[in-house]
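Before I ask anything, here is the structure I am working with.
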Amino acid sequence: MVGYKFMGKAHSHAYKDVGMFFDMDADVVMKAICGRDEEGVKAAADKFGWESYETDWRKLIARDDIDFVDINAPSDAHKEIALAAIAAGKHVFCEKPLALNLADGREMLAAAEKAGVKHGICFNYRFLPAVQLAKKIIDSGKLGEIHHYRATYLQDWLVDPEAPLAWRLKKEVAGSGAHGDINAHSIDLARFLIGEFDRVIGHNRTFVKERPIPVSMSGLSAVGSSEKGEVTVDDATAFLADFKNGAMGMFVASRFATGRKNHNTFEIHGSKGSIRWDLERLNELEVYFREDEPELAGFRRIMATEPEHKYAANWWPTGHIIGYEHGFVHITYEFLQHLATDSPFAPTFADGVRCQEVLEAVDLSIERGAWVSVDEV
Amino acid sequence: MVGYKFMGKAHSHAYKDVGMFFDMDADVVMKAICGRDEEGVKAAADKFGWESYETDWRKLIARDDIDFVDINAPSDAHKEIALAAIAAGKHVFCEKPLALNLADGREMLAAAEKAGVKHGICFNYRFLPAVQLAKKIIDSGKLGEIHHYRATYLQDWLVDPEAPLAWRLKKEVAGSGAHGDINAHSIDLARFLIGEFDRVIGHNRTFVKERPIPVSMSGLSAVGSSEKGEVTVDDATAFLADFKNGAMGMFVASRFATGRKNHNTFEIHGSKGSIRWDLERLNELEVYFREDEPELAGFRRIMATEPEHKYAANWWPTGHIIGYEHGFVHITYEFLQHLATDSPFAPTFADGVRCQEVLEAVDLSIERGAWVSVDEV
Amino acid sequence: MVGYKFMGKAHSHAYKDVGMFFDMDADVVMKAICGRDEEGVKAAADKFGWESYETDWRKLIARDDIDFVDINAPSDAHKEIALAAIAAGKHVFCEKPLALNLADGREMLAAAEKAGVKHGICFNYRFLPAVQLAKKIIDSGKLGEIHHYRATYLQDWLVDPEAPLAWRLKKEVAGSGAHGDINAHSIDLARFLIGEFDRVIGHNRTFVKERPIPVSMSGLSAVGSSEKGEVTVDDATAFLADFKNGAMGMFVASRFATGRKNHNTFEIHGSKGSIRWDLERLNELEVYFREDEPELAGFRRIMATEPEHKYAANWWPTGHIIGYEHGFVHITYEFLQHLATDSPFAPTFADGVRCQEVLEAVDLSIERGAWVSVDEV
Amino acid sequence: MVGYKFMGKAHSHAYKDVGMFFDMDADVVMKAICGRDEEGVKAAADKFGWESYETDWRKLIARDDIDFVDINAPSDAHKEIALAAIAAGKHVFCEKPLALNLADGREMLAAAEKAGVKHGICFNYRFLPAVQLAKKIIDSGKLGEIHHYRATYLQDWLVDPEAPLAWRLKKEVAGSGAHGDINAHSIDLARFLIGEFDRVIGHNRTFVKERPIPVSMSGLSAVGSSEKGEVTVDDATAFLADFKNGAMGMFVASRFATGRKNHNTFEIHGSKGSIRWDLERLNELEVYFREDEPELAGFRRIMATEPEHKYAANWWPTGHIIGYEHGFVHITYEFLQHLATDSPFAPTFADGVRCQEVLEAVDLSIERGAWVSVDEV
């Protein structure tokens, strides 16, 4: 694994726990973790339970005892590491965004397909029980024809103008701001749930244009200095979308939505029913069916914690909720089974590329002030 | 009508509006309103739309142009006025509580039955669309056998120790505190929805034992003086109940539930389903059915604002909510139709007496520190 | 008053009740109601409490005993009636939309201003206590600089393809579909709360293009025949907006949002706080303040039913909720006081025109596939 | 560790993960797990990450390489194992209930105190961030004097009469039904948050008196046979309580609350504020403060996922929720630190005994039909 910060912790935890709750067809051995700062990565290896560590990802990739590489380093490093790993014949699992831009993402996908290695991208929210239930309901036809899809991904950690200029706020490292970081999740969920985008138009803002340069650029919690630097990514991006199936879409991602901590929601209206979901209450799914008796119809608050719900029985008895990190355990389970047994797996690099296409089409629409077809980018 | 304060306003409004929204079999003529303070009652007659006013209820009752009397004077006056009205052959509609105590209530009921006049008591919450829907669901058997009934009626207007000693806090005028005022509503709803009480046991508190004597004793909003007087009613009363059908019951009424403004709720669990309701969101009913597919079962939030819901179509289109006073309009509609067409009507004085029996059984259980059978009082 | 259907009922009720709950500086006399169908309007006059009725609005306007005219006839009749009333020197209160198009609306505004009559438009939602509280919070600066405004107005009464072709679905009568009918409310609330629109871009859909022609074209509840006719308005319209103050806006109106009955919501994020409101729970306002201790900060569910909240004390004690129609009573109170005492009043025809500008800019943006400046239309 | 079923899994997970998210003053080594069925316990050891296993707890206790024993075997085995472990000088951590009855619990406490070993009981819910916040708010005086405490713990896994007769339904193994299993949690939370009980009175029910005997008695998911056996514990127990500080209490536990999956809630009203919490949304705390401006006061929905909240920063960034099992990780952290550094720790066996006293006082009150003082049992 390359990377040992927030995502490194979430991924490590998944590797550590997956075998305890799921029946795996292969053993999981946590061989090595890699990071540039020796002290930091050594501590992480120890803390997270890795057998060894490396400070140069090239060495990690060169090791014979490693079959597959998990990349959760900052976004600007994804491409180079992934290409090298693929070249070395390793399977690759990559944090989103796949790459800093679409061209790079396509190159990575092409390389992986050509090399015949297995590849995945960490759109973890697909794997929450309530989201799986939403997918099942839609696929069963119970919502009918889809008319509306609306998503929000709202956070507020930048609303304080003194919040420092973390790496996530520099285009050259992060590629994008709220758009690439969190709209990416909403776009992937929309594709997963109702299908492909046709065209988009958006707008965005950088509400605070300069921020204190942090003493260290690492992490969300970096402390700011008195010197200021330019924010080169968006604080918020919103867009309208037409889907290929005719549905109308609406998306907003913001780091300035005061009071909304991790408000990743979707609401879908079909001709036969509707669905609503919110990451802050990720165990619940609200569902409405028109076929219910009119007198008794209403949004149902389904607790997706019952034995009938995917993954739920692997954890605790009925009604005992799970948290954010469980999505990582589930995607890890699915990807490791994919490696071990060739079971089907998505999302792959192809999904990373599709998501990037939508992201870039939105950016292009902002430049042009007009609709952009996703197929055009 | 006798009484012209909070309840006088609510009742007057109902008489004024009922003909606009409902098809009545008789015309409603608002003949006269009565109160002791001439200036006050004159203003109310004018404001509320009454043709005339009286300052002595004996005169009101003596009038030939009046067929029925609505009594919403303070509780200690109910009995005398009602008995006189009944003796004069008038139909009577009375605010709850029916009387200051059970013996008085029984006397009123006996008089009304003997005289053959029609009688009703204003348990207005029965007549909200969501409560009617709850009743219909239970009567249809969709909840199965009832196991649990829990009710709260929580307010917080007395939590400030400087809130003045209003008439509602004096036993000789009000009869009882939170218990008689708001547990009475919960008891009536329980009887309406699931049936009769078997036995009860309770406890109560008067958290603030002395309060400033108000300059005037009228109304909730009276301003306090520097002199203090004793509070002689309960601030909060809670009790357990066994119902005759075997269900377990739990009730709490309080004027000290900080932050709860008018939190009149019930939650009912049966062998096949459950129901929850809250007066602060009176247009909604939460319902759970075990017969729903396990994967898709959840509490439904039903908006009882649809054409299928009782009384809803008389008001506004789908999804347009109604408020507190609409319950009064509905009960008024039903009682006036009862007068005009002899259509069935409940709650009558008999329901007022049943309610009073439960209230007094609870008080007796508090004295004794042991369960009291409701049939015993 | 011209019109006697859904809106006629809501307005009549307001005139009937306003004097009971508010202290008016002039008496309200309900002189005459007007409609084309004699039987219908006669019944309405009787039911709603009007002294007389007319079947020709010209006669109504010609009457000397009438000072002001309330127009809630179908939208295509607004202009002609209003111009005639203005010409006759009557004050005018008009249902929204002001007119079928912007040019007509501007003509009406110009006529009213030239004639010096008083004019108002019935954007009733401004006058709900929770919305008034939102306005007060924003004006006080407690939300800081506004970054985001999002509104939905979602209904589902057209999702059934067999729902008949009511007059609201014909462009020549209604002017517009969901956009003009319900986005209009959202646009007005946004202007009221945070100010003017700069530019917009939208998309729309008519999901069901043909519907059964009703036997009668009147009312929402018309029954369909076997013959079909073309739907010539939008079923749903969504748009992005930039506000002049720099805020990002997002709006969606739909009559195809299955399960959403009257889901008129707004959510506003400012640099210091956030607000959320929903018409289905119109007595509540959710508010977040960044200045709260971080450990204790959270969205507050404020019950706007307390004596401190505008209009609330005119109704019932604390915690007793009001409904949809109360907004009409409040706007009626304000407009009648405006007539009687020259107290300030908004929204006027000018607000109707501003709203229409935004609506038409959105339609133009849909035609062009590009942003349209509101000042341009 | 003795026990390897539901609780064995939850505890094992805590030992496995605690070092990854918390800085420990001692290493955690998962030496051995113990259970009677060799195949089962061997599989659990492997799955959960224990170094070895035993099939006889006496052998486990005899091992020199073991410093402390975690007991989560069925309740009837707690006493014997704990006494033996204490006798061997091991520290002991025990699942609740401490023992089958109060006398046994007192014996265990006395033994542990006499031996000077450290002891804890697994009231895990105390250690959720939102519950810790509730405790902090109450201790700070922000709620003022406590007037009301109400708790529910509602499940519905027994409402199906064909649900088999699991060991939890036999008094000789489980000691008690819903009362000992889940009211125990509510009682402990009440003691933790507002202090000691004075007197209680309750009632209970066994709604389904006979159930199919399962082929195997182990686990919640056992499959039933056609033969039936008697249920010897309560399906539901409710009680009223007076607290020593004068507060009124109300508790209900049920396994028949259809639709409520794990509805462990408390609501507390004090003279200055109120608190509400629900395990199904365990990351949230609803709090009301009277000191807020009246116009702006409302229940705040606090997400206890922020850096300011206890334990939250050890997990994920702001707004990323945690689940049921995290309470086990936190209590494990606190107990292990207590072992390593002698940091203060509660709940101990003494808390287990106090809880048992309340449980038994309630049972006694049911027998007697009258209030029972907790000091009396």
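Per-chain numbering from 1; labels A, B, C and D assigned in written order.
One rule holds in what follows: a contact is a pair of C-beta atoms (placed from the backbone, for glycine too) under 8 Å apart; a residue touches a chain by one contact, two chains touch by 3 or more.
Worth saying up front: this structure is predicted, and the values here are computed from it rather than measured.
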item: Centroid comparison with subunit D (C-alpha atoms), farthest chain; value: C
item: Distance between the centres, which are taken as Cα means, of subunit D and subunit B, whole angstrom; value: 41
item: Intercentroid distance (Cα basis), subunit D paired with subunit C, Å; value: 54
item: Intercentroid distance (Cα basis), subunit D paired with subunit A, Å; value: 35
item: In subunit D, residues with contacts to at least two other chains; value: 260, 297-299, 303, 306
item: Touch-based graph of the chains, sorted into line, ring, star, complete or other; value: complete
item: Footprint of subunit D on subunit A - complex, ascending; value: 6, 9-10, 12-13, 16-17, 19-20, 47-49, 155, 157, 220, 260-263, 279-283, 303, 305-307, 315-326
item: In the complex, subunit D residues that touch subunit B; value: 147-148, 150, 152, 154, 156, 159, 201-203, 205, 207, 236, 238-240, 242, 246, 248, 250, 252, 254, 256-260, 269-274, 288, 290, 297-299, 369-371
item: Complex contacts: residues of subunit A adjacent to subunit B; value: 133, 137, 284-287, 292, 294-303, 306-309
